[in-house]
Each structure stands twice: as structure tokens, then as C-alpha cells.
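Both of the next two complexes hold chain A, though its partner changes from chain B to chain C.
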Partner chain A sequence: MEKNYNVCTGCGMLCDDIEVESEKNIVNKVYTACRVGVAHMKEGRESAVFRVDDKPVDEATAISEAVAILKNAKNPLIFGLGTSTNETQKLAIELARKTSATLDDTSSFCLGRVVEALLQNRFKACTLDDVRNKADVTIFWGADPSDSHPRHLSKYSYFPRGTEKQRGWEEDRTAIAIDVRKSHTAKICGNNFFQVPPGGDAEFIDALIAGLSGKLPKTSYNFPPKRILELANILKGAKFGVVFVGLGLVYSLENLEPLFRLMDALNEKANFHLIPMVGHYNMRGFNENLFEETGYVNSVKFEDGAVKHGPEYSIVEALKAKTVDAALIIGSDPLSSLPRSIAKNLLEIPVISMDPCETLTSRSSKVYINTAISGVESGGSATRMDGVKVEFKPVVETKRLSDEAVLKKIMEAL
Partner chain B sequence: MDFGSFLKSPEIKVKVVTYRDIFQDKAMIENRFGEDYRDRSAIIKLDSADFKQLNVKKGDTVTLKNSFGTIVVKAEESGYEPSHKGIAYMPNSPWSNMLVSDETGGTGVPKFKDISATITSAKGAKVTEPGF
Partner chain C sequence: MTNAMELYQMLPKTNCKKCGKTSCMAFAVALMAHELTADDCPPLKEEPKYKENYGKISDLFKASEGATSTGLIVHEELCFGCGNCVVACPPNVANDPYGVGSGNAPRDAKKLILIIEDGVVKAQNVEECRRFGKNKILCNGCIVTCPVEAIEFV
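== the complex of A and B ==
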């Protein structure tokens, strides 16, 4: 019997082995997916909603109001797109060019700089399939996939039998967690959990580098040197090692220099790759698409055919400095995900929110366009956390427009 | 010992570290304005010594305050070992974001996982609504 597998767009893993049962375009049952994936696949229940100034309107009115906002703005912000397809992202880049917009996504305040370094070949990369088939030592650093990417350990990084790892976690793999708290992933790693104090990662990295060279590893917080030397010995023996970098590590480092030093040191002694623990299903796609177009992964401003780049064009700094005078937010909820002290500035400018679900941002926006759930109700392609391209078809049909269709209508009207 | 701990309603200084929680994520997807999401987001996990010092019971509300905002959330013991006195944990959410500093040093990256705040018992006050 031929199976019809779907792709789950619930996180950056883009699991492609999902089966669903649906009736009348409602997903009733989801097999294989994790708890988050099941909720995501069953999300679509609402009928199309368009609102302007909190009042229900028709599609044409919402689109023309959105167009008017973008036309009147001198420096609109286009933000989001982490849960949009590559095709939608490319359209948004074109729209940003056309409207001389500031364009950014969530990666500017999470893993963007790691993805940028990967695209600049500063780290040795590998795919999740390589991890499943070959990896013998995996490090989860400031990452807790048991909560953020629930099938990560079972599908790729620890439990599975791979072509060259037939004895799985019991004998063939060693998983290590380095974190500020004993997360669910850290519990699975057992004795290979190394608890560092908040902000202590850079020091731990340098101590580990010392340990890798046989020197005495020292930290100001007196981490037992013996344990760091034990860790260094495990890492030196890795034939195919992978460091999964999470937000805990990225937020703890002022810049990526310590991570560059560590990966270089690991690759002098062993063979280590790096994969960022990307949350949103196509954040990496946004970074790659923008990189291809402009040479930057986020935080850009289009002006007179040129592209400017820098933290001042990130959503955080642009809102803080109040340099943007309108915002088109696509599949994101900055009023929830940004510090309130910064996000509140969004309330002072006209906001267009395109989102499949009601959020704090959609409720506060001047124009709200309720779009189809990307990957469930509309198809396209996306880029997995490891850079692998994945294509998907809609699982069910909907009357709601995809974000791609909305952007096309806005572009045409502009 | 902090002067605050001698007050009738002890006030404790904590560093709050945020984290992801799969159950909270699922609740968010199902309804960002629902009770389940609020119950799984508006919580703070404290070291048992801090928890006892505040003189609260599991599920009692506490007030977290700093110069960026004030929130009322439910308190519980983390159950983590070893002791992490002075460090508390909260799932990343609109509630934790009400306390995040706007100081970024021009980097575009707020300190989401490095929040300083004081905690006191909220004496039965309700959990903060995250709306604007």
C-alpha cells in the first residue's frame, strides 16, 4: 500500500513522515508527529477573517487598506516570515525592495549570527541524516530539544539506528548536555550533563579548549577540572561529532569568537560539525534567501536600489529608535515575543498583521488578514535547520488565502 | 542576608532564566488566549530555599518587579538539584517578556534569559493579563 506522508511545519525539523486522517478539510488524527506537531497540524479550524480597525471587512478592503499603509509609509518594517515558505519569503524580499522597507526576521535576536557563520563556511556543516547515520558524539549546548524539537533525539541525534550506527544510543552514541539547568534533554544525557552558571559558557569553552590540549582547565566558578578533562577525552575520541547550538549558548556569548575557537580546537583533535537548533520551520530559509539576494541574513534596509545592513535595521533597534513608521508582520507575534518595553512602540504605528491565528499582535493591528496555515493549508518549500530543502503540499484545503497569495495581491495593487 | 528578608513580606532578588516547555508550546498553538497557556506560562520555578523564604505555598501568586515591568505569576518549587538559590526559571512567554530589559547595547538582541527582578508574595492577587 502506498503511504501518503506529509511534512510537519511545527518546527525547524520539518519531519516528513507524518500521516493524517482528515474529513471535510479538518485534520482529525495525526500519526507520528510530536505533541507540538499534532497541535500544529490540527490548528486550522477558523474561517477567513479580515479586519480593519477591529471591524470585520471583506478581502478587497483589507488588502487595499494594507496597500495604503505601505504606500504612505516612508520606512515600513516587514518582519516575520519564519513560518512562511521560501516562495513567500522571496516575494517579501521583492516587496521590501519595492517599498524601501526595513526587512528583518526573528533570527536577528536568536540564531541568525550562527546561520550567517554557517553560510560563510565558518563551521563544518552536516545534515540531520548524517547525524542519524554517523554521529557518535552529540553535544546539546544551551539547547533542550526534548522540549523545543521533541523528535530530535528519537529521529536523528541519539536513539535511532543509523547505517553506521546500528547499536544506537545503547552502545554507539554518547549524548552530552551543557546547560544552566537540568533540562529534560540533560536528564537523558545522565552523567554527561555539565551544569554551567548563567553567563558561564564562554569560560567553560576556554576551559574545555585547555582540556583538549591537555592543560589544566580553570573557571572562575571552580568547575571541577577533572570533569572537564573527562569531557575533553570523550570529545577527542569522536569520529563524527556534532554540536547542536541552542539559544542558551548564543545568548550567553557576546560574540561567536569562543564558538569559533572551540570548533577549531575540536577539529584539530577530532571531527566536529555544527547545527543550529532553529525553532521556526523556515527561519533558516529566510536567512538563506536573503543572503542569496543581499549577502546578509537579516536586518536590512532597502533604499534607492541599495541595501544597508546592521543591527540598527533589526526589529528591536528599529522599534527602539522609532525609525519605522508602519509594519507588515507576517506569521509572527512580536507583541508577545519581544520585550514589552520595546514591543509597545509597535502600538504607535499602523500595523498589518498576516497570521493564521489570533495573537496579541493581530488584536492590536490596524489591518488583520487571517491567512492559511503554511504547510497544513498551503504548500511550498522550506529549508530545514540543517539546510536541507523540503517540499510539501497542503494537507487540507481552506478558503483562507496563503500568505504568498496575500503578498501577490499587495504587490499587484502597489 | 538581604535586608528584604527581614521584612514582614520578604522580598527576594532573583535572576530569572527563561526556557522552552513543550506543554506550554502545545497550549500556545491551541489558544494563545486560553487558560492552559496562561497556566503554563505565568509561573516561576524557585529554589526550595527561596520558596520557603517567601512564605508561599505551591500555586500561590507572587509579584515579580523590576524597572521594566511588574507581573503577578504563580510560584512553584523547581525540584532542581543542586540548589540554585537566587536563580529562578520561567517559560519564555509574554509574561517573562514584560520584565526583559530594553537595554541591548545596540546589538538588536535583548537579554531574554538574563532578567533581574525582585519577588514578593502577591497575597492572593490574580495572575497578570498579558494584553495591551
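== the complex of A and C ==
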């Protein structure tokens, strides 16, 4: 019997085997999804809210107000899009081009650097399905998928049986966690958990590289060399290894050089691939779409048909230097996620917020457009953390507009 | 969860054979398998010096009377639906190798012991569990794979 599966857009894993029972456009029961996914799926609502200056208005007023803000701005900032479909992201890039905007997403202070290096073929990549079928050694570095991507270990990276790994986790796979604290993932990894002090990752990488070539691994924080050599031995024996890079590792490294060195050293002795632990369901999609258009993954500024790129066009630096004079925030909540000293500058410029949920940003923005939850109330396509394209249909219907439809209306009015 | 050795320590250790078993250790194993109860050991039940231990052993097994026949308890407030137990459970894998055994959605949820419903694990068909019945073994596949200790056997 062919089952009707839905895709969950709760995180970067885009689980495509979710069964949903719904009645009258209300989701009643969700099977197989984790708690994050269930909460995401059940969030849908019937009607939309539009607000200008904290007062409820109709759709046309909200959109014309948004258009006026974008028209009057010399250098608007378009930010977010990590939870939007590929189609919406392409429209947003077009809109940024049209309005000479600064365009950025959360990856500029997240995993953007890693995705960029992957797109430039600096790392050997593989898909999550390869991981399930072939991987024998998986490293979770600075990542805790048990909490951030709950089904990661059970769907792909550790527990399942794959075509070439029939005995699954019991005998065929080794999971290793390297982190600053004993996370839930580290607990599952048991003895293969290596605790490094905050900021100690670069040194640990160099010690590990030394260990891989048979030298005595040394660290300033006196990590037991015997344990690093044990780890090096496990890694040397890997037939298909995968390193899952999390935010913890990226934040700890000043640049990616140590990671390049490590992957090269690992690939000299064994066979290692890299997958970034992308949080937002389509952050990788944004990086890829923008890379295709401009050659950069984030932090760009469109000006007279040309594209400029640099850290000064990231949301953090742009807000710090106050170079932007309006902001269109799509499916993101920078007021909550950015440091207060930077986020407060958002309050000085007119902000348009498009989000399915009420957030701190939506509450303090000039125009708020309540959109449909993409993946639950509207369909499209997205790119999984490993670069695989996933298409999805809406699970339930709603009167709320999708962010794609709102952007189309704004573009037409412009 | 207790084990046969712990139970043995609480027995008279006289190997009197009044229970029908050859030794107190054999009796402890039979206790573990729910074949016999504390009442089947006459000295333990009757002699005052074992009264305390008799109470302890009876209490141990009283706790599991209310639970499912395998003693499986799911702490729903702790579970976040990662599905590790669902994929790791040996009978689940045997009954649905290409579904849950391969990390996917169940092909036929009716045959499985553990499934994820609304983001929380649910136990069903406990008679399929390897801890059930006469020839049970102390399988702990679902316990060691749980990151938050949401599954417990009493």
C-alpha cells in the first residue's frame, strides 16, 4: 500500500516520511515526526493578521505600506529566508536587485562559511542517504543533533541499517562526539565523547592531525594524548567517514583553515566527508540560490546591476554601522537572536516583518504581514542540509498568504 | 532494575531445596523470570529472621504488577520523539527491516512495539518484546539508546 507521506520543515533534515491525520484543515495527529516537527505542523491557523503601526489593517494597506517603505529606502536590508522555499528565495533575490538592497541571511553568523567552502568543492561531500547506507564512522563536532535535529541519529547517522551497513549501530557504526559539554548526543556516543574546553577546537584539530601521522599529540589544556591517539586510530580505520560540523566548531575557529587541514589529513589516511548541521530548513537553499546568482552565499549588496560582497554587508555589520535605512525581515527574528547592542538599531528604521508567528521582531515592526507556514500551509521546494532538493505540498489549506505570494504582490506594486 | 545476583543476596543461601530448585541461585533466576514468587521459598516466608528480606523481595515484584507485562514505562514528559528506540528495538527491526529498521517511517505500524505518535514514543504489542514471556532475555536496546532516559523497565 502506497502511503501518503508529508515533508516536515521543522529543521534542516526535511524528514520526508511523516504521516499526518487532519480534519477540516486542522492537524490532529502526526506520526513518526519528532516533537519539534509535531509542534511545527500543528501551528497552523485559519486567518491572517496584517498590522501597520500596531493597528490591524487589511491586506492591501499592509502591502502598499510595505511597498512605500521599500520605495523610500535608499539601502534597504532584506534578511531571513532560512524558513522560506527556494522559489521565495529566488523572488527575494530579484527584489533585492530591483531595490538595490543589502541581502543577507542567518548563515552570515551561522554555517555560511562551511556551506561556501562546500560549494567551492573544498570538502568532499556526500548525502545523508549515503551516510545511512555506507557510513561507518560519524563525528558530531560542536553539534548536538539529539536536541537540534532529533531524528538525525535514528534516521541517518547512527541507528538505521543501510544497504552496506546491515548490522547498524550495534556493530557496524561508531559515533563520536567532540563538544564542550556532555550533550545528549555525547551521552549516546558513550566512551567516544571527547570534551574540549571552549575555544580549544583548533588546538584539538592540530593534536588530532599529529596523532593521525603517529606523532605525540599535545594540547595546552593537557588533553590525555592516549585518548587522542585512540581517536586517531578509529578515524584511520574508517572506510566511509562523515564529519557533521555544528555551530560549536564554527564559532570556535577564527577561520576554516584548521578544518581544511583536518579534512585533508583524514582523507590521506581514510575516506572522510563533511555535512554542515544546518538548523533552518532551507538555509542551505538560500546559500545555493544566491551562490548561483552572484557567486556569494550571503552578505551581498546590489547596486546598479553590480553585486558587492563583504562582511560589511552582513546584517550584524550593516546594523552596527547603520548603513541600512529600512528592513524587510522574512521568517526570522533578529531582535531576539542578535546581540542587543546591534539589534536595537533595528528599532530606528522602518521594519517590515513577514512571519507565520508573532515574534519580538514582528511586534516592534512598522508593518507585520502574517504568512502561511511554508511546508505546512504552502508548498514548494527546499534544499536539505546535505544539498538534496526536496519538494513538498501543503499539508492543510489556509487563507493566509504564503511568503512567496506576498513577495509577488510587493514586486508587482513596485 | 534488579538482577538475579541481587535477589540471591537476599535469599537464605542454604540451598535447602524446599522450593524444588537445586540451589538458592537457581531460585533467584526463577524469581527473575517470574516463574516463582517469594512465597515459594518456605524458609524465607516462615522464618522470622528472613522477614525483612521477604518483604523486600515481595515489594520488588509488587511494583511491576501494575506495569505492562514487560514492565516497560515511558516517561512521556521526557521523550522528544527522536525515534532512536524505535530504530534500535530488535523486534521492530525484525518485523519491519525496510521501514523503521532503516530509519524510515513504519511500513506497518501494527506489527511494531514502539512507534512515535505526536512526537512521543508509544508502546504497543508488548508480547513481541524480548523481555516478555518465558524465554525472555534482558534486552536493553531501547534504554541505552535513549538520550533522556525516558524509557524504563520496573
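What we mean here is this: the second predicted complex is superposed on the first by the 412 of 414 C-alpha atoms of A that agree within 3 Å, B and C clash if a C-alpha of one lies under 4 Å from a C-alpha of the other, contacts with A are read in each partner's own complex, and residues count from 1 in each chain.
Basically, a contact is a pair of C-beta atoms (placed from the backbone, for glycine too) under 8 Å apart; a residue touches a chain by one contact, two chains touch by 3 or more.
Note that the coordinates shown come from a computational prediction; the quantities given were computed from them, not determined experimentally.
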Clash-or-fit label for the pair chain B, chain C on chain A: fit
Which superposed partner A:R35 touches (first chain B, second chain C, both, neither): both
Chain B, chain C and vertex chain A (Cα centres) - angle in steps of 10°: 70
Touching partner for A:S84 - first (chain B), second (chain C), both, neither: neither
Contacts of A:S314 with chain B and chain C, given as first, second, both or neither: first
Which of chain B and chain C A:N289 touches, first, second, both or neither: neither
Partner chain in contact with A:P339 - chain B first, chain C second, else both or neither: first
First, second, both or neither for A:S353, with chain B first and chain C second: neither
First (chain B), second (chain C), both or neither touched by A:R181: first
Which partner reaches more residues of chain A (counting touched residues only), chain B or chain C: B
Which superposed partner A:S154 touches (first chain B, second chain C, both, neither): second
Which superposed partner A:T102 touches (first chain B, second chain C, both, neither): neither
Chain C versus chain B - closest C-alpha approach in the superposed model, Å: 7
Those residues of chain A which chain B touches in one complex and chain C touches in the other: 34-36, 38-39, 146-147, 150
Chain A-facing residues of chain B, complex: 15, 17, 19-23, 25-26, 29-30, 32-33, 68-69, 78, 80-82, 84, 87, 89, 93-94, 97-98, 100-102, 104, 106-114, 130-132
For the chain C and chain A complex, residues of the former touching the latter: 79-84, 86-88, 93, 97, 101-106, 109, 115-120, 145, 147-148
Of all residues in chain A, those that touch chain B in their complex: 10, 34-36, 38-40, 43, 108-109, 144, 146-148, 150, 180-183, 195, 198-199, 247-248, 251-252, 299, 311-312, 314-317, 320, 333, 335-344, 347, 357-360, 363-364
Interface residues, chain A side, partner chain C - complex: 3, 5, 17-19, 29-39, 132, 146-147, 150-151, 153-156, 159-162, 168-169, 184-185, 187-188
